[in-house]
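Multiple structures follow.
In the two complexes below, chain A is the common chain; its partner is chain B in one and chain C in the other.
Presenting the complex of A and B:
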């Protein structure tokens, strides 16, 4: 692809836009990039919006230096990096993930089990092998996680929360089995968490965050029950979280963050309110997230991370600016994050894989047009055919 | 599930460590992968707690399974009294700070007065020393702080002071040289001499500690989104965005951002402060004879200084975007204000003409500001050899020309 075709429209012919400081960098010395795979390190795949996962000290391993020696936070992709997609390996990795139940990692991640299952099942469906998972066991588990109040928890005996309620409804939609839970009570639970200003609590304890607005709206729309909440104030609240740079944060006045942007853009897309977005300004901020390695970060001066290939790319897709980033380089970055022995995808080349980054890596490749993966819906992060079957039609920009 | 008897022994070791030293302020897991001697794997020294790595999993399994069995009301579950619940949930979140249910159990214990709210704030600070960005830990703190503020406000309601008095106590302070920490200490001394004012004293002390917790978390983990967004939450929800506090915070974070030039969250926090100061520009002028425009100019000076000294930092350039667009807005509002003042009576009929003239004038002012900015950045950054810094400067110029035209 010729470079000019991926550039956004220029305002002044003399100026070159966001991308590509790459040609200028990285000609100097590199510190050796150490392979961190195999070191003892429990990856903590965070829930809906991910922060980065490696220790701040380790980040220095991967600093790239420009010709003057200023560190640029990025990674170097070795020539030996994997260049083709290892779909079958990833399927095997996910299929065997839940079988190691004595694993400390499995035990310590129980607090987000429902989301973990959603990641695994969705990526299996996108790769065409959902039938390898134990459907009955999954559905029974979800039933056991619904509480008296209607909300659904991450695991049996844990407390209900909007994050896990959405994950559960996503899984049930995947299996076309929402009737396995008491839908009326789910709707009532979500409705009960909306506040007068349109915002949503994550659970009864009262934390407010635009992530929860997305959870509420996505969940109800999958159930065909958006009418249960006040959509106008929901939108108003999300719009008050918009910043001067076109991005969104967790609350009004909060810093723009790629994960929060995805949630806010998604909320506006589902409710048919994308006109509130300044697509040029937001698109600009989003495509400035691409680093010389091709990977995307979630905020300025952060390391690239595969999960941001999803938050950023999906947001760009929704606002119709996906052509503003260098797709080939991003594809190369994601492919380099695969583990060719164990299967699975990690946050950065050489790190330990987990189901969270495996899903978002595969979703990213799907949005980039890889035809061996099912098309993914950029708003719901679910297979497009599932969203069609649920009767949902969204207008994107 | 086979219960490992070592689990309950480790838990009582942990409990006795906290009994011996209620002021533990940091903890970590020591890289000892197998039991090597017959001693306890818990080490306590100068308020620092160390747990040998091998014991962490055993402790966690025991605490987590016992607590969750109780929560699920399983038939074989043990009866647990509040003390057990406090110690089990403590062990769980020390290892896994994002276990929402364990934090919720602690909220219930606070509600039933079995757990002291301020003690739990202190414990949360300890958890953040090892998990500086844990979202559930910050979430729990917000809940505790909301409850605390409500409690302070409702009791001050009953006294002669009004509801807003806690916020307004800051009014007497010297705004310009306001250093939140030092001033809060002076304030404490002053307050302690007054009879019956302990509640206010506590309030400010609690908030001072909260700011410290945020600062430490921001230092332990760069670009700590949760820590900085928590800090702005405190400013809004516990201080009601009182202008004295905003100015004080602007003052204390200047040195911080100068030392953390890659930290966009730190810069953004200043943006948050400036935006909220702007909303109260009138009060700023009346009470402190400070001009918002001067604050923005001063911020631009900080940016210019930093860009001169440190090359290749996107965060500083992003901050400049904010500062410059804020400057443009000030420029617009001043131009409008001048128009309104100079518009004599009886000119209403000519309004369409006036409006278009006004618009042209606005555009001109903007244009001048923009030209100056482009010129200054070009002169200082576009002629250097440093290609990366040049690239960032170029992106900045593109952005302001697109976004700040008018």
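Presenting the complex of A and C:
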């Protein structure tokens, strides 16, 4: 095994390729790594030179080549990866995350604070430790973020937007406290953003996206006020965003994307219109998102990521095809994304953790049947018991 | 919560940040540096908010907010502030000055997008600027898209912006198709380009009568393009997904497929070719001896989902025992009205009567792949076989072969053995998706059996066929007896569709519950031997099956407790529960 001289010395990972791919070396550019059953597997671990240019670090992102030399983007999970769920560590990580109010990263993410709080609070509830969070402070903050128009902003001083209005309503539902804000005005705000073609603006500045259709429908259904909008045209618009592969994009004409699919499938589930979906075709596309590492990507030829794993997995659950992916392998991938030192989950093994991926990692494990986590509702990404309490009964395929 | 490729720059919620081990010294240095950065950041933010509060809509506002957006384009409120500034200046400045300002804004956006090409906020702001600028140069925008797509040919934000530009400036769509051809030629593995083609073709070469809405001769040329791609790299999924689309799937015409009238249950069941919701653009009406019947249509399970099966419970004495009745069912939608089964006769001595629509042999389920003519598909199969001889273990090749064989031969008479072999191989080479392949196989098998039946067959045998799930149970609405034993079924929920079912054999499956059977109210004989039923409560599901006479439960964990059998017996008075393996022949 010859090492290319331009690369710094490699930290030896425990290579275990589930792939069975023959290869003709892609123009000798990449070093061969191992040879099993007479077939050559080639991968190119990426190196990253750290800021001081002294200590190179191995990225687990590997390029595996198929028989024609096309790289398959994926990661390699080392044998040493974490295999059990570090629930208590994740709870401690989330609990301490919001307490460092003058922390650099905390401050510069103020523009998405409301969603950040939703991620943290939801994952704490799923792990059974919501009581560790400062409920009064949260509720007071949300109150302060509601604007004259009824919409809710990411933080004080920022502008109202459907994204944060949904996050706020999700938090309030979690605490069974929607009356803390002016519900009538929230409903009016959401209603005011619907367009003649059924689509929704994200805010008054007119960006249209199926994400906002989901925000509107999810938010109003949590408030029991779906009647406030034109549901038929909402559905019609979402259906016009359907593509040749059975998936959905941001707008009519946009490429399919797992996150966007989740939003559209969710919208159709909430409004009782799942029959528009070709479950066999979409399910096939979705289960093809699973890579040899077990992780799922969001589009063909993209890297796997814990959060994409959630969008794909939840969509599969809603259309009744969750058994089409290899559950064990996905579980292994998510568990490998945990940080044993700090707690929390990252997008890929070895990366820095954050509350966003911690939520979606834990939600993914819940959908996969992990019984130490509360069951999660695949449409709302909230604990099932909270959705039941809110009186919502959805029929899935 | 709905954030995808959204976290870049300074943002904490970021994709692909590698954890780097650092020394305490390095950490301290970093902390100090961050402290400094944060001070600047906070001061800048404060200044922008202050200006906005004071309604100071000027160049300084652009400068201050620009400094922060340049590093972090996701601070959405600052983009809003910039728009407020431009709107304010619109009335206050000369057109030439405004043109200059907005041009500068476009340059600023380019700089932002170079750092963060996936910022929703920046791309949307560009749309705003192009609408606000007095003299927009759309040609330059198209060029910008080319540049960005050269850097990343999968950037869906840029593709979306490109479609926006094309729409606004009436770019010739043929040129756009040409562009995708170029992109695909330089790299077949370009899903975004294939996607764009699927959107362009139906607009450039429309054929509304065609299932994929594209002219046949154009489709034939597309087959060549795809073939080129798959022969070059048979592992590249993009071309295969596109090929599946070319093979097409049509929307079924809405019609009534079957009507069943039951005298003793006093009800009518209707099967439609597509799921609908009664009262939402569609309605069914029934008349008996030309008198309209009042009543509410419902789904079998009471589900509020769209359904192909609809039931109406007739008012008492609608179908008296000693009288002949003439029944007519009509389906109406917003556009047209189809009368069906007019004069369906229920004779005095009859318990039930039914009518089934005529279908061309092999056409009931072929809509999945119906775009291409049979000759085209035969040709395709020929060349795919060629590819298979070169790539015997390629899953995409195997799956495509399976689909083509099924489309050419819906009843599985010609390729049955080859199909079976291909499915086995497929599940072996792509084990991660084996459940998908088994379900697909089950679907094809059930379709072939249903296609080969004519409507008079009410006894279906699907035992020992390796079924992992059930499909098309709505088409079995008339079936009175079905043998599903020795399969791999985990759920029988959809058997609720079998409204005439009397005898059901589910022996040797993997069932842990019987959910769905509550709606098979005619059921008299049920066998669930050798399944995985553990709880006696599972049989509560059968309480509504009042005609149930014989129930075989042997070989389930639930039988381990003797008392359980007695409990199950208590479901109804005439029920005989058998828990011995050999008591039924």
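Simple rule for what comes next: the second predicted complex is superposed on the first by the 328 of 397 C-alpha atoms of A that agree within 3 Å, B and C clash if a C-alpha of one lies under 4 Å from a C-alpha of the other, contacts with A are read in each partner's own complex, and residues count from 1 in each chain.
Note that in this section contacts are C-beta pairs under 8 Å (C-beta built on N, C-alpha and C of every residue); 3 or more make two chains touch, one makes a residue touch a chain.
All values derive from a computational prediction rather than experimental measurement.
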| item | value |
| --- | --- |
| First, second, both or neither for A:145, with chain B first and chain C second | neither |
| Which of chain B and chain C A:270 touches, first, second, both or neither | neither |
| Touched partner set for A:245, first chain B, second chain C, both or neither | both |
| Which superposed partner A:254 touches (first chain B, second chain C, both, neither) | both |
| When both partners are placed on the shared chain, which of chain B and chain C touches more of chain A | C |
| Touching partner for A:105 - first (chain B), second (chain C), both, neither | second |
| First, second, both or neither for A:318, with chain B first and chain C second | neither |
| Touched partner set for A:305, first chain B, second chain C, both or neither | second |
| Which superposed partner A:156 touches (first chain B, second chain C, both, neither) | first |
| Residues on chain A lying within both footprints (that of chain B and that of chain C) | 21, 51, 66-68, 70, 104, 107-108, 111-112, 153-154, 157-159, 161, 203, 205-207, 244-245, 249-251, 253-255, 257, 280-281, 284, 288, 299-302 |
| Interface residues, chain A side, partner chain B - complex | 11-12, 15-18, 21, 24-25, 44, 46-47, 51, 56, 66-68, 70-73, 104, 107-108, 111-112, 153-154, 156-159, 161, 202-203, 205-207, 244-245, 249-251, 253-255, 257, 280-281, 284, 288, 299-302 |
| Chain A partner contacts - residues on chain B that touch it in the complex | 57, 60-61, 64, 68-69, 71-72, 95-96, 98-101, 104, 107, 133, 135, 139, 142-143, 146, 221-223, 225-226, 228-229, 232-233, 236, 262-265, 268, 272, 275-276, 311-315, 318, 321-322, 325, 385-392, 394-395, 397-399, 401-403 |
| Residues of chain C that touch chain A when the two form their complex | 1-4, 7, 10-22, 26, 34-35, 37-38, 41-42, 45, 49, 72, 74-77, 79-80, 83, 120, 124, 128, 154, 156, 159-160, 163, 189, 191-192, 195-196, 198-199, 212, 232-238, 241-242, 244-245, 249, 275, 280, 303-306, 368, 391, 393, 429, 431-433, 435-436, 439-440, 443 |
| Contact footprint of chain C on chain A as seen in their complex | 20-21, 48, 50-52, 55, 57, 59, 66-68, 70, 104-112, 115-116, 118-119, 153-154, 157-159, 161, 163, 166-167, 170, 203, 205-207, 209, 211, 214-215, 232, 243-245, 249-251, 253-257, 259-260, 263, 272-275, 278, 280-281, 283-285, 287-288, 290, 292, 298-303, 305, 307, 311, 321, 323-326, 329, 339, 346-348, 350-352, 354-357, 381, 395 |
